[in-house]
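Heads up, the next two complexes both have chain A, just with different partners, chain B and then chain C.
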Partner chain A sequence: MRIVVCVKQVAVLGDEVEFADDALDVDPDYLDFALNEWDSYATEEALRTRESLDADDDEIVVVSVGDPRAENAIRRCLAMGADRAIRVDRSGSADPITLARLLAPVVQREAPDLVFCGVQSSDAVQAATGTALAELLGLPRVAVVTRIEWDPGGARATVHRELEGGLVDVTEVNLPALLTIQTGINQPRYATLRAIKQAEQKEIEVVSPAEGGEPAFRVCRMFVPPREEGAQMLDGGPADIARRIREIIEERLK
Partner chain B sequence: MPRDPKYDVLFEPIQLGPKTMKNRFYQIPHCNGFGSEKPLSQAYFRAMKAEGGYGACCTEYCSISPESDDTHRVSARLWDDDDVKNLSVMCEMLHEHGALAAAELWYGGPHAPCMESRSVPRGPSQIPSDFEYLTYAKEMDKDDIREVQQLYVDAAKRAREAGFDIVYVYGSHSYLPQQFLTPYYNKRTDEYGGSLENRARFWRETIEQVREAVGDDTAIAVRMSCDMFMGDAGTQLERDCLPFVELCDEIVDVWDINVSGISEWGEDATPSRFYPSGRLLPWQEAVKKVSKKPVLGVGRFTSPDLMVDAINSGKLDIIATCRPSISDPFLPQKIDEGRLDDIRECIGCNICISRWEIGGPPVICTQNATAGEEYRRGWHPEKFDTAENADNDALVVGAGPAGMECAMILGKRGMRRVHLVEAEEDMGGIMRWIPQLPGLGEWARVVNYRKIQIDKLPNVEFIPGTTLDANGVKEYGAEIVVIATGANWVTDGLNGCTHDTISGADASQPWCLTPEQIMRDGKEVPGGNVLIVDNDGYFMGVSLAEKLASEGKKVTLMTHLGHIAPYMHFTLEAPNQHRKLHKLGVDIVPYHIPTRIEQGAVTATHVYDDEAHEQTWDADAVVLVTQRRSNEALYRELKDRVGFDALEQEGITGCYRIGDCEAPRLIADCVFSGHRLAREIDSDNPEVPKPFIRERRVIERELAVA
Partner chain C sequence: MSAATMNGTLVVAEHLQGKLRDVTRELVTAARGLGGPVAIAVIAPDPSQFDVNLEGVDEIVGVPVAQQEFENDVYQQALEALIAERHPDAVLLGFTVNSMGYGPAVAAKLGLGFASDVHGLAREGDAIVATRSFYGGKVDAELEFPAGRAVLLLVRPTAFPPAENGGSAATTQFAVDVQPSRARHLEFQEAPVGDVDITTADFLLSIGRGIGEQEAIPQFEQLAEKLGAILSVSRPLVDAGWMPNARQVGQSGKTVKPKVYLALGISGAVQHLAGMKTSETIIAVNTDPEAAIFKVAHFGAVADLFDVAEELEKLS
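Then we have the complex of A and B:
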């Protein structure tokens, strides 16, 4: 079985934030970078799937879109135990549809039995790349997966997916398929220093990006919303305050 | 990040008589074990706070004469011109950082045992000290009064010569001027005793004379206790202090207001166990209302919001700190730079004070391992050089106080990667549960500070929920391995009194428990009758007694020592802890050691009973606070079974133990141990501490060649 895990190196905001001169993004000087939290769960789930199915020819391939800096996140996955990695060489941020278009040909070429993505990335929080990629690949997809139980042989799985309001949808899926993995599905392992050092030595295949096509959206300007006047302090007991809040809401809704 | 404007008031200058202080951060007089006889340690220690932004720093109590010799404890001294030379270094270094230098002129009266000078102290009345044993003062006649006042004047002139900007006529903590003010000490019937005017006369005259001598270019400070908590006998705010302030306000440039006498000065230097920050504000506010002069005072302030509130609400003009300035000499600068989460907050454990009370050792701090090491080890609390072996990866096993500190400092010294691996799900080790003992919540700051710092260090990674065996360590891939696996309370009653186990003691039984089992593992303490065996002598036994008694159990606390928790006398926690235990009905059995423990009963003998008569106590549960033992299994496995040679073949160039894992000790010493190893990780042999500078007189002579 071959499992492809799509991962992203996300930007992490520090205490202070400034926008770049063109106001199209945050100034990278104010950003740290890390492996997207959801993707560490996806990588761990791939490793556990391999371990539970225990087949000889299993392979876990990590695919990411980014500039050379993104290799830090990729190597984190290799240190956890992924076998191989491919980086689609492209700098700058991209919308989820563009990302899916860039990932699709690379994933397709690997002909995976299973594709894992994180539910969302912690910086963009769009939760769309995984499902868009499934559409482009023509794969069945299960989103927001919190539990996977494999049939013997691994051709089919019973999958729990998280719905709103604490509901869980239990469904079955045949391979090949794409699953977006929710945090908490497992406890991602930590890489030892030795594994980190070995991952540093591994070759990461770099491929040129395919045509991204028309982006799903464009950033026109980033700015801090202007501060507005008019905070109104309410006095009185809880019941008085609740009544007053209701009146205010009703007035505004008119 | 720039300073939050709401803290601006803390950075406004203020006039103290002829001197201007650049901001509102003042390091109150406090001891450090250096005095005037370790002058460079003294100067570097105070200057670190000036570098960190303090607007003024004071000496500890500074003796004006051999008649006021506090040996065995260490004070500063201004007895002669050589003392002037020594203390002038401190003044110079403070001035280089733009801070004022203050000297707290001190005359102890009956409290000064004069063990070095063998002089006789003088006092208002001849009653032995309530703080010392066997020390009496000579009762002062009028000539004595003139002579002692002249001692103040001469010392003030020497202080000015040394470069001090502020001189105190210090009364608080029951020293001579306040002795005159207080009926408890002053039984005189002449014009220096009786009415307030008479009791105030000695202090007022002394202030006048000192002012006359140096006041034109030196600020005069008066430190007064406004409540001794002894009823009519002690100094009282309304009756004595406020009238005294009105009487002397014209001749004083700044008031330093606190509370307590000397025998229970933990009411002033409040342990966090009993008091929050700002406990002295009501007295400080009362003085501020009647005085036209600036009022400063302590309150173990670590929060800039509380500081601002104290100033804006008219309770203080200047924020004085003692312990918070030891814990973080850069407190002002961090507030100024908007780096509030970098503040190393004092936990109020008073381990610093314990060293003065013990009488001699240098100051230490649980939070700040560099306190007292500024000169002799050259350590700076905020600056770290890159280690020569920074291209190495380090593995620290165990995230207790020692392991956290070591990983943090290794990270700050730029090691390529540091992995801090912990069996539990979170950092802290013993400090995950010790702060849950009654009153010890603030002690959790030891963990919080380090957690935040470690989180900020990109080269340090915390790895929870992971237990490593020797093989795991060997194959982990680190070049440097640090084992910090802590210690545990023994389960068999082994103790430092008999150097043997206690017959029948076995904490695998449901009725026999250790502190960790109760606090960490949630093991239930059965029955209503609990006997705690305390051979430790610090906070654990009494804290568990308080906790279990508060939960409604009948608690007996048995120790082989003459007192329960004698170390808590040094931390000033003892008086109020005794009050608590007494109120809770805890039975205290000193001088006893168990000979046999069984379900339902503890049999013990008096330690000085040569016939070993036995007595039996009923006990549904027995808690063993007898001693700790290092958890050194992993280290022993690595050293004895795997062998350091085999580790070296795996690329591991050093394997060290730190903290309780090496030998159980104070939390402050665990933090120091982790810090010390990280500071010296690139020395020839990091296991052995590098020599430190010993400030001492060395005889110039050739050594005979052997």
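Then we have the complex of A and C:
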């Protein structure tokens, strides 16, 4: 069985924000980068699927769209235990439909039995790339999966979809299929120092991006939203703050 | 009004276990804001089961299908057929788990303009401008979409006020030949019931990722007891297996509305805010002055939560 895991290196904004001169995005100097949290769960789920199905020819392939810097995130997945990685060489942020179009030919070429994506990325929160990718690949899909049970042999899965309020929708799907993986489905393993070192040596295949087509949206302005009225900030040291909190609680619980 | 806008906005009603979901009413409000006619599609074996004759709806389109509950291929085929027949210039779905399963597929297949978690919507001339957040809710962006194409948007729940009953919509039926879904709904399982009901508490002490490690939890259980609060948590603590799901506040957990919600070390992901933002008084302590929780808080403090917790403990 071949499992493709699509991962993204996400941008994390710190305490301060400045925008690029064109005001269309945050100045990259104010961003840190990390493997998307949802994608570490997706990678872990691929590893566990391989372990539970225990077939001889299993392979886990990580695919990501990004510039060379994104290889840090890719190597984290290799260090966790993925076998191989492919980076679609493209810089800058992209809308989820465009991302799906860039991922599709690369994933298609791998002819996977199973594709895992994170439900969403922490920087964009579109929750759309996986579902769009499934469509382009012609695969059945299930979004927001918190549990997977395999039929013997792994031809069919019974999965839990987590709906609002914690209600679970039990759904079945035949392979090949694409599942978007929710946080909490497992506990992602920490890579050992040795595995991290080994992952640094692994070659990451770099491919040129396909034609992404017309973007699904364009940013015309990015800005810090005004804070809603009423958020009164409590000053002073921890003791002062605690005292004020205590007063507010007492007053409001009356 | 141009030819494009004449086709108006199509809303897809969301229902679950026989009940219309609140987001449907909100989508109608969002659609009305765009101007032009508003049609609402109800995809169900008996579409008339759901009362969607809401203020501002011009047309109710019943789309009979065999499946009572949501299946992503069924909704995808029904929506694609509706778009092909009616050419709406905007399609609004809720930013919900169900819509995540088919909305982006329709947009990818038909080459539509697309964005999700949209919380602001306007029409400027012929163009639709959507507002959504990026980078953990710290910044907003206005988006524009490709000219001459329909746009499909997933709209954030609770971002728009609900439309009231009492509309005067015409009802039509739309027959569609739908193939069975490849992903098949089997059953629902209710969320497990916990030892406490956080939805009825007057005072919630809520902790999040900021507490850092599992070993810190007993300290906050103790603090909650001293303060007379019930302890609740944000999603990462449940994901980590540190606390049971029944204590979780947010979209995938419980929606709470206590008199006092004291949030320690919770940054305020959209899904968390959706579950607590109507609390009567929200007090938030976080080290990040730009944390999104401060946008909904009534009182905020930029401080180390452990320092504040220690001082609160002393006062109790």
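Here is the rule we go by: the second predicted complex is superposed on the first by the 224 of 254 C-alpha atoms of A that agree within 3 Å, B and C clash if a C-alpha of one lies under 4 Å from a C-alpha of the other, contacts with A are read in each partner's own complex, and residues count from 1 in each chain.
In this section, a residue touches a chain if its C-beta (ideal position, glycine included) is under 8 Å from a C-beta of that chain, and two chains touch if they have at least 3 such contacts.
Every value quoted in this text rests on a predicted model; they were computed, and no experiment measured them.
Once the two complexes are laid over each other on the shared chain, residue contacts for A:32 go to chain B alone; chain C is not touched.
In the superposition on chain A, A:168 makes contact with chain C only, not with chain B. With both structures placed on the common chain, the touch criterion links A:197 to chain B but leaves chain C unconnected.
Here chain B and chain C are compared by how many residues of chain A each touches, and C touches more. Once chain A of one complex is fitted onto chain A of the other, the partner contacts of A:187 extend to both chain B and chain C.
Look at A:232: by the touch rule set out above, it reaches chain C but stays clear of chain B. Look at A:15: by the touch rule set out above, it reaches both chain B and chain C. In the superposition on chain A, the residues of chain A contacted by chain B and by chain C overlap at 15-16, 187.
Interface of chain A with chain C (complex): residues 11-13, 15-17, 26, 31, 95-97, 100-101, 119, 122-136, 140-144, 158, 160-174, 177, 180, 183-184, 187, 213-225, 227-228, 230-234, 237-239, 241-246, 248-249, 252-253. Chain contact summary for the complex, chain B toward chain A: residues 1, 393, 395, 417, 419, 458, 461, 463, 465-466, 475-478. If you check the complex, the residues on chain A that touch chain B are 15-16, 32, 187, 190, 192-197. Put simply, chain C touches chain A in their complex at residues 16, 69-73, 95-98, 100-109, 111-117, 129-130, 133-136, 138-146, 154, 157, 181-192, 202-203, 227-228, 235-236, 238-241, 245, 248, 251-255, 259-260, 262, 270, 280-281, 283, 285, 288-290, 294-304, 307-308, 310-312, 314-315.
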